[in-house]
Each structure stands twice: as C-alpha cells, then as structure tokens.
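Heads up, there are several structures right after this.
In what comes next, chain A is part of two complexes: it sits with chain B in the first one and with chain C in the second one.
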Partner chain A sequence: MATRFSNWLDARTGWRNVWDGIFLRKVPKVNWLYTLGSASLFIVVNQVVTGILLTIYYVPTPDHAYDSVQYITTQVALGWLIRGLHHWGASAMVVLVFLHMLRVIFLGSYKFPREVTWFSGVVLFLVVIGFGFTGYLLPWDEKAYWATTVGTQIAGTPPLIGDLALRILRGGEELTAMTLARFFGIHIWVLPAILLGLVGLHVYLVIKHGISTTPKREENSHE
Partner chain B sequence: MNEKEQKEYLQEYKKEKEKGVPFFPDILFKDAVVSLLLFVILVALAYFLGAPLEERANPANTDYTPRPEWYFLFLFQLLKYFPGKLEVLGVVVLPSIVLLLLFILPLIDRSPRRHFLNRLSVTIPTTIIVAGIVVLTYLSAREAPPPSVTEKGDPIASLYAENCSACHGTSIEVKPGANLHNIIAEGNHDGMPAWSADLTSDEIDALAGFITSPGGSQLFNQNCGSCHVVEELVEGSPMDLKQALENGVSFLPHASVQIPDWNTALSLENRTTLLNFLVAPDGQRLFATNCSTCHGSSLAFAGSDKELRQVISQGGKHLDMPGWKEQVTPEQLDQLSSYIVDPGSAPQTQALFQELCSSCHGEQIPQADSIESARQIIESGGPHRTMPVWGNFLTTEQLDALVSFTRQSMEGNSVAVGQTLFSQHCAACHGALGEGGPNPTKAGDIIAPISSAEYLKTRDDITLMSIISQGQPNFGMSPFGTSNGGPLKDDDIETIVGFIRSWETKPPVELPPEVAVPVLNEKPIQLYAFVCAQCHGVAGEGGVGPEFQSVDFQSQRTDQEIFDSINIGHGSTAMIGWGDILSADQIAQLVALIRSFKQTTVSSGSPDNVSFSKGVLPIFEAHCTSCHGSLGGWDGSNYASVMESGNNSPVIIAGDPQASLLVQKLFGIQTTGGSMPPGTPLTQEEIDLIVSWIAAGAADN
Partner chain C sequence: MSEEFKLSRRKFLEKVTVGIGGVLTALFGIPAAIFVVKPVLKKDESSGWMRLGSISKVTPGTPTLFSLKVERETGWITDQDEIMVYVYTEDGRDYAVMSNICTHLACRVRWIEERQEFFCPCHNGVYDKQGTVLAGPPPRPLDRYEFNIENDDIYIKVG
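== the complex of A and B ==
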C-alpha cells in the first residue's frame, strides 16, 4: 500500500530524485563544528515560527506596543515562552552565525568552488544584524527606545549622507511612531523576504557542492 | 588557484565523498542532536531568565543611560576611542572596511591551501579582530553596569557627588557658623547656581550636613540607615537626637527595638559627627525647632555674638524684664500699651518704643492680648522666660549656626507677627511650616503643603486672603474672617498672608505630608480641639458659638439635635455642616463629648492604674525637665512640683484631663503660647498615658 502510494506520488512529483539527491547523497566525514550551519538554520525556523506567533498579538504603535508585549508576556497562554524563545533565539542566532563564519574562515571553506556560498553567507550575516537592530526597538521600552536613538545617531555620523541616512532610518528628525512602523515593516517583511531567499540559495549551494572537507596540514601546493 | 588546481581539488573531494557517509541519517543525526540541545537551552533561558521588559519608553527621560544589545556593545565601546570628528572613522569607516574585506575574502585569498596554519595571512588578522571584538565587548560590559542594577550606597554622598563635586571636589572647607542652607539654596558666589529649584529643602539640609560632617553620613548609613532616612531625622529636634544617642536603649522610642547602646557603640567623637551631620548645618531649621516657639521668627539681642552664644549655651533666666512703672509717665505707659496691641494706631509711639524697649526687643513688637494686659506687663515687668541650657544639647557647630542665624534674623518685621498668628490659628492643621499633614476633620484625608513653591506661585494674595476669610468648608476648614464669624480681622489675615508669602523666597519644607507627619489617630477630644474649640471654647465655655457648659444648652437639646447641628450646620450662623467631612461615628463621639461638658469629670483614657513614677515621670524627664526643671516656672521633676509649681498652677486637675493646662498644652489646644513640647510633639501613646493618669486621679503612685 505504502509502496503503491509512494510510486503514485513519485510519478507525479519526482520526489525520489530529490530525496536521493539531498538525503541519501554521500558526504565526507566531518566533525561537530560542521553542525553550526544547520544549527543556524534551526534558529531561523525558530525565529520564523515564534515571530509569526508574536505578530498575532503585537501592535506596532507607540501607544500599544509596550502594552501588547506585556500582554503577550503575562496573559497569552505560553506567551512568555514564545517571546522568550524569540528573544534568546535572536542572541543565539548572532552567536551561531558568527561562529559558523569563523569556522568557515579557519577551515578555508570559502574557497573554490564555494565562493558564492560565502558571498551569500556574508549578506546573511548582515541581514541577521539588521534583524537584531530593528527587532530591538519593537518592545518600545526604555532600553529599546534609547538604544535605538543612539544606534540611529551612529547612522547620522558620516558627512554628507549622514543626515539623509538618519532621516530615512527614523522617518523624520525624531524617533517616533514613524520609526516604529518602519522598523516593524523591515523586521517582519523586508528582512524575512531577503533572509528566506538567501537561505534558499545558501542551502542549495551547500547541497550542490557538498560539505567541504577538513583540510590537512600537508597540502600539495603547486606554486 | 588555477584550473589544474581546481580540478585536483574536485577530484580529491570526490574521493573523500566516496569514503564518506550518507547525509541521512549520519549527518542529519548530528544536526538534530545539536538543534535539539539548542532548543532545550533556549527554553531554559526563556523559562529561567525570561525576555526582559523595562519601563515603557519615555522620550522625556533624559536620565536613561542607553545601552545597545550586547552584540553591538563592541561598536559602542569603539565609539569611545574616536571622539568628536573622528567618530565617523570608528563607527562607519572601520567597520565598513572590515566588512568589505570579509565579503571579498575568497577573491583575496585564492591559494589552494586551506589549513589554517598554511594561511596565516588570513587567520592571524581574523584572530586579532575577533580578540578585539571580545575585549571591547568585555570592556563595555564592565565599564557601564546595566542601569537596572543600581547600587544602594550612601544617598547623600551620591547627592553630593552629582551636584557639588564637579566644582568643589571631594570636600568643602566651611567657615564656622556659615549658613550653608542659604548658600546652597541661593548660590551666593560667582558661578554657583541657586539649587533651590533642583533640590528640596530637606535635600539641601542633608547636603549641608554632609559638607559640614562628611563622616556623619557614613556613620548614619552604618548605624541608623536601616531604620531611618536622613530627611526624617534632619527635621527632628536636636534634643531628641542627642537623647537617642546618649540614652541608648532606655530612649523611649527605641525601647522596643533591638539596637546597640549607642553610648558605648559610638565614641563621643562619632556621636558629635553624627549629630553635626543631622542637625548642625541649618541655623534656620535649628531656630525653628528650638527657639521659635518662644521667640517667634526672630529675636532682639543687643549684645555681641560672644554674649549671644553664651546666653544660648548657658540658658536659664536670660530675659528678666524690669518693671517700668517707676520709670515712665502714665501717659507713656498708655501710649506704649496701645502701640503694642495695635502698632498702626499710634505710629508716633514708635520712637518711644525704640528708645525704651528696642534694646531688648529689637524691632519685634511683643504680643499682648489687650491694652490692660500690656500695661500690666510693662508696669510690673513680664514673667521671666526660662530657657533650656542649649549648651547641653547642641554641638559646637550647631551653636555656631544658631548664633549666626539669630544674628541674621534680628531685623524683625511684620512677618514675625504673621508667624505668631499663623502658629495660633493655622499651624494646628497646616503645620508650623505649612507642610500640611493628616486632615484632623476628615479621616484618611491629607492636607497638602501650602508652603510649596508650586502652591504659592499659583495663588495670588487675594485668593489666599479669601480662603482664610471664608474657609473651605468642603475640606473641613472653617471661616476665619470676622466677617464670616471667625476670629481674624482683615489686617490679621493680610499679615498671615504676608508670612505665608515669606516662604516663597525660602520654602521651608517640601516633604510630602504623609511622610512628614505620622498619621494621627483622631480621638474625639482632638477632633473637638480642631473643629469646635475655635468657636465653642476649649472646654465648651463658648465664644462665637454657644456655650456647651451651660445647663440651658444641655437640657434644651436632645442628642439628635446636637448631632444634626454638627451634621447639617445652621445656615443663619457661622456653623457649617460637618457631615461631608466627619463620619457619623465621629459626630456621635463629638456629641458624647459635648454631653460630658456638664459633668465634672471626663474619662478619656483607660482607667488603668498608670504609675506616676514608672510611667509619667520618665516622659517628663525625657521631654520637659530640660526647660521645666529648676529654672523656674512649672517644674516637672517630682510629684509635688508637678502638681503645685508653675506660674499658672495647678497645671494638673486630678480627674479632669480636659481642664488640665498640661493636657491642653500637649494637644496644642491652649492658644496662649505654643503647644508643648516645642518642636516634636509627644507620641500618641505618651499623651494617652498622661491623660489616663490624670483621669484616674493623678495619684502619686
């Protein structure tokens, strides 16, 4: 029965090719450091799921943001867990992505043929930082407000373009409802779209090239 | 990497791959283990630490020290090393270069070697950058502790650090007797701002104490800080403070708490330091708590500072007014008497007053109730005043401050008259310094301070005068103007307003009343004193309102009628309805009290056997005998003198607390002279004890 069903499905979707290509492919033996990438991916999933749940209750206006976050934390069933996971997930994400990057640098994995994987990785790193920066403002507590005030000020430091950058970030001279609305928009629409696209590319490239091997001390150099 | 090398790599990799393991399940298992572990860690963090949420964002809060999320801290720290125009270098240029290099890393490092020891040109800079980030993060985290973790240190020391140390460094040298309070409040030299706008009066005093006696602040925190706050003791009576330190556990309010005997726990030097910290600095406050009950807001003294100092420290009979009968003509006597009662009526007498009286009285005109009594006093010489031996209670620094303030305040003015009137008519509810307190007519209600800068700025003289004249029946304030049935003439009211206005330049106190004054437990006798006595007499002898002692009054009215009068008032008279202010229970208690006036005895206390020697005498000894001892007048040091001595003896009428002068003084309902003891009143328990002792017959037991 099960075979018949899987045959039926395969004839229509070709899933076996995908399965064989992704899951049954052979991979060089590697150590535990090579799990940092997949751990980051797991956190992405965690952030997406908890983030979607949070938007059900969160209201991105200065009047209600703080109250809604408080409501999520104290009233919503398991709201503390959802918010806690999202909060600590954000920190874990930065740590993991950073370590993942160091692993790639120290084991030389960015080299041929994985240069594009590396490029997409660096952009992903910036996206993660962007997530952290925009998400920090959303609870609209003292810490959020003042840290973002200082953070956006930094964007205003370069000569010539600084002022413009500051105004674009804040949506005006001051940190206001405009800023909150735009940070919220970036945090839940713009960045996730970029993130998912890049993660797709990144993972596709990883599967295509396979995990890099652990380099040996005595390498044959032809220089 | 050339094409050959690329091919070699791919072949090498292919071999490795064939030797390898399938992605599923081998690799995926490892990934799953790590992810699961990670998830458990996240849940644990969420459960045990939660996601922090501080106070709601307040754009007006400029005190907040902003701190970015921890992974931006290194950038935050970096900012500090690039001050001013270089800032852009540190926070924009440098990170951008690093990021750019990071991005193009595969294009720079194109050799086929992959092991990190074979690529030191990449791995060493990376290590340096990572180490830099870690160190910067650490420095930043260590340098600025998160604002939620504030140290509970020495509050006055930090007040000093915040406000004074920037200009004055760690300590300030002060001339003895300098009025530090004024200097701080008014900022009286070049570049020093006036602090009265930023600091409360109590904070200024606490600072002044800290400056005079920095060690005291530390001693306070170590020994007193767990039970007391500085502001609470700063306005206390120095006598009480000194006794608290010297009597140790036998100090009455300390009797029930477990504290060391300060007399042995602290050296004499430390005790002085502590006292200086708490009360030395402010001559104005010292004068108000210690002297003003007798001397008003200022006094005249013709002698030198040294003599003044001697008088204060030695106390005793310092004001022996001679009898003038033989020395002035009857006309002069008449003129002086009427001038004293109403200075406006005989301005020409001013010269005479200055000639004869000012050498002792200064510009301050003594107070007299009527021309007759004034004449009597001038003729015979007034009753001498006794003064405690302040030298026993005050430290040298305190005496300095007091002498210099007394000097300054000697330019007497109408404010002094206003203060006297205020203390007679207003202080019972509003406090001597207008600080307010529990509303005696309305349970649970608090009378807000009327001496705050805010209150005074928002009310003009006409408003204040009409409030005093018409009262505020809704809040339990009865009308005081003669036109509304009260005791005060328009001139008096104007003078009181003048006195109230004098607070504007120097607000005397800014403590919220619920902190400043313990909530009184209103007993019917106190209610009566505050609400009824003004019109109906302290003992119901009558006045503007009917006499309660009369048989007519008592026999012609039922309890219900008296109740209704209090509850609703009488539209045609000055009697306002108190029903909005007093509860039915309170009114009923008042009715019972009024009913008791026709009887000879009032029992307002438990008739328990209160011992004179063990209960009452210790209270007298602690609070009264420093003035009322062997110096003359009433003597509170033993039973016989308690019952018999005094200029108005007897002060105690056995079995009738209400009629006893002593009790009236304790409650502050005796309008001639202030309440006793001056400064801090006795506690309710102490008063109750004395009242029940008198009610039980005032026996020598």
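== the complex of A and C ==
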C-alpha cells in the first residue's frame, strides 16, 4: 500500500530523484567541522517553528509586549520551553554560523566553483545578525530598550546619512511603539523571507557541487 | 554476499534517517500542540453568585434589562466584561432570568416594546417575553440563569 502510494506520487512528482539527490550524494572523507552547516540549518528549523509559535501569544506594542512575554514564560503550558528554545537557539545560531564561516575560510571551501555559495553565506551571516538585533528588542524590558537605544544610536553616527539611518531604524526620532512595531515586522517577515530564499540557494549549491574535500599538502609544493 | 550486506546497510541508514526525522517532528510537534491548545482549556470567567440589582426595578409584564460587570482574565489582560440579563415577571412572584445571548449563533437579542417580542437582528430570531422561540432559526429558548432573591435583591449564578 505504502509502496503503491509512493510509486503513484513519484510518477507525478519525481520526488525520488530529489530524495536521492539530497541523501545519496557522494561525500568525501571529512571531519566533524563539516557538520556546522547542517547544525545551522537545524537551528533555522528550530527558530522558524518556535518563532511562529511565539507569535500566537506575543503582542508587539509597548502596552502588551512585556506582559505577553511574561505570560508566555510563566502561564502558557510549555511556554518557558518554546521561548527558551527560541532564545538559546538565537545565541547558538550566531555561534554556529560564525564557526561555520571560519571552517570555510580556513579549509579553503570558498574557492572555485563555490564562490556563490560563499557570497550567499556572507549575506546569510548578516541576516542572522539582523535577526539578533531586531529580536533583542521584542521582550521590551529594560535591557532590550537600552540595548536598542545604543544600537540604533550607533547607526546615527556616520556623517550625512547617519540621521536618516537612525530615523529609518527607529521609525522616528525616539525609540517608541513605532520602533517596536517595525522591528517586529522586520524580524518575522522581512528577514525570514530573505533567510529562507538564501538558505534554499545555499543548500542547493552545496548539493550541486558536493562537499569540498579537505585541502591536501602536495608533494614538492613547498620546495 | 557483499552485495547483500551493502544493500542492508543502505536500508538501515535510510530507516535511521527517517526515524530521526520522525522523532524530531514529534519533539517539536507535541510541545507545539500543547503550547497552542492547553491555555484555551482554562476557564477565564469569574464565577459564583453575584448581585444583579434591586428586584423593585422589574416592572411586571415587561422584561427588564439588567447589566452586570464581571471581571474577566484573558491571557495577561484583566478587564471588565458586561453581562446583560433580562428579568421578567408576570405577577411579582415567579421570575425568569434570561440571558440576552441568542441561542442560534450568539448575537445579542433585544426587547422590542411595540411588538412585545425579543428580536435578534442577525438572522431574525424571535422569542416571546418568557424566552420561548416564536420564529426564526434559534434551536432552543433563551438560556436561563439560576437565581436567588434575598430581601429586595436578586442574585444570579455566573459561570
């Protein structure tokens, strides 16, 4: 029955080709550092799932943001777990993508033909930083408020464009409900759209090119 | 022999991959379901006997509207909710205490003095002064509250 159904589906979607392309790739003999990308991808899934769940109770206005977060943490069943996974997942994400980047640099994986994979990874890293920056404000506690005050103030320091940059980030001159609302919008709509698109490209390229091998020292090359 | 071994190892790894995927889906899915569903199972209305008002305000023969402020906790917000109740008596001895919530789809009914009927504007439900259905889609009479009259005051059981 299951086989008949999977045959029926394969005849119409060709899913087995996709499945084999993802899971039956030839993988060179590499070390555990090569799992950092997969680990980052897993955290992406974690952040997407827990982030979507949090929006069911979270309300991004100054009147409700702090109380709704407290409500999630202390009243909602498993709210502490969902918020905790999102909170710690965010930190783990920054650490993992940074280590992943170091691995790619030091083992030379960014070289031909993987330059586009590298470029998309660079943008992905910036997107992750953007997630961290916008997400930090959302609990709307003292730490969030003042961290964002400082962070947006830094955007205001360059000459000529600084003032405009600060106003665009804050949605005005001061850090207000406007700031909270736009940080929320950026955090749950703008950045996820960019992230998921680039992750798709990034993973497609990894599968297309295969995993790079560890660099080998060639005989005679240092003479 | 070696062919057979390779095949079984591949099958094994495939099963492990699918298995890990299933476990991870469950690890996310079950807490997610609890997170979404469990808070809605909590009763959020304050309950118990509450004073509705003075019985002397009820004019015999005409349903009289009373309103009652009830404290309601929804999530992290506590606010006041108003319950509207019609009290009707024919003779000043037997009382009917009716909810103003239409039994069809929970719109609010109102007493129309000229027609001597309760009317629900959503789907034209009509009830008589005792709350019995006269016309339209309501499946049953207006809901009644349990009540108690002490001295001059009428109390109803909320929740």
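Here, the second predicted complex is superposed on the first by the 216 of 223 C-alpha atoms of A that agree within 3 Å, B and C clash if a C-alpha of one lies under 4 Å from a C-alpha of the other, contacts with A are read in each partner's own complex, and residues count from 1 in each chain.
We take it that a residue touches a chain if its C-beta (ideal position, glycine included) is under 8 Å from a C-beta of that chain, and two chains touch if they have at least 3 such contacts.
Keep in mind it's a predicted model, so treat the numbers as computed, not measured.
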item: Touching partner for A:Gln70 - first (chain B), second (chain C), both, neither; value: both
item: Touching partner for A:Phe119 - first (chain B), second (chain C), both, neither; value: first
item: More chain A residues in contact [chain B versus chain C]; value: B
item: Touched partner set for A:Ile56, first chain B, second chain C, both or neither; value: second
item: A:Ala144 touches, of chain B and chain C: first, second, both or neither?; value: first
item: Partner chain(s) touched by A:Thr157 [first = chain B, second = chain C, both, neither]; value: first
item: Doubly contacted chain A residues - partners chain C and chain B; value: 23, 46, 70, 81
item: For the chain C and chain A complex, residues of the former touching the latter; value: 14, 17, 28, 31-32, 34-36, 38-39, 75-77
item: Complex contacts: residues of chain A adjacent to chain C; value: 23, 46, 49, 53, 56-57, 64, 67-68, 70-71, 75-79, 81-82
item: Interface residues, chain A side, partner chain B - complex; value: 22-30, 32, 34-35, 38-39, 42-43, 46, 62, 66, 69-70, 73, 80-81, 83-89, 91-92, 94, 102, 105-115, 118-119, 122, 126, 129, 132-133, 136, 139-147, 149-151, 154, 157-159, 162, 174-175, 210-213, 215-217, 219-223
item: Touching residues on chain B, where the partner in the complex is chain A; value: 1-2, 4-6, 8-10, 12-13, 16-24, 26-28, 30-31, 33-35, 38-39, 41-43, 45-47, 49-59, 61, 64-72, 75-76, 79, 87-88, 91-92, 99, 102-103, 105-107, 109-119, 122-123, 126, 130
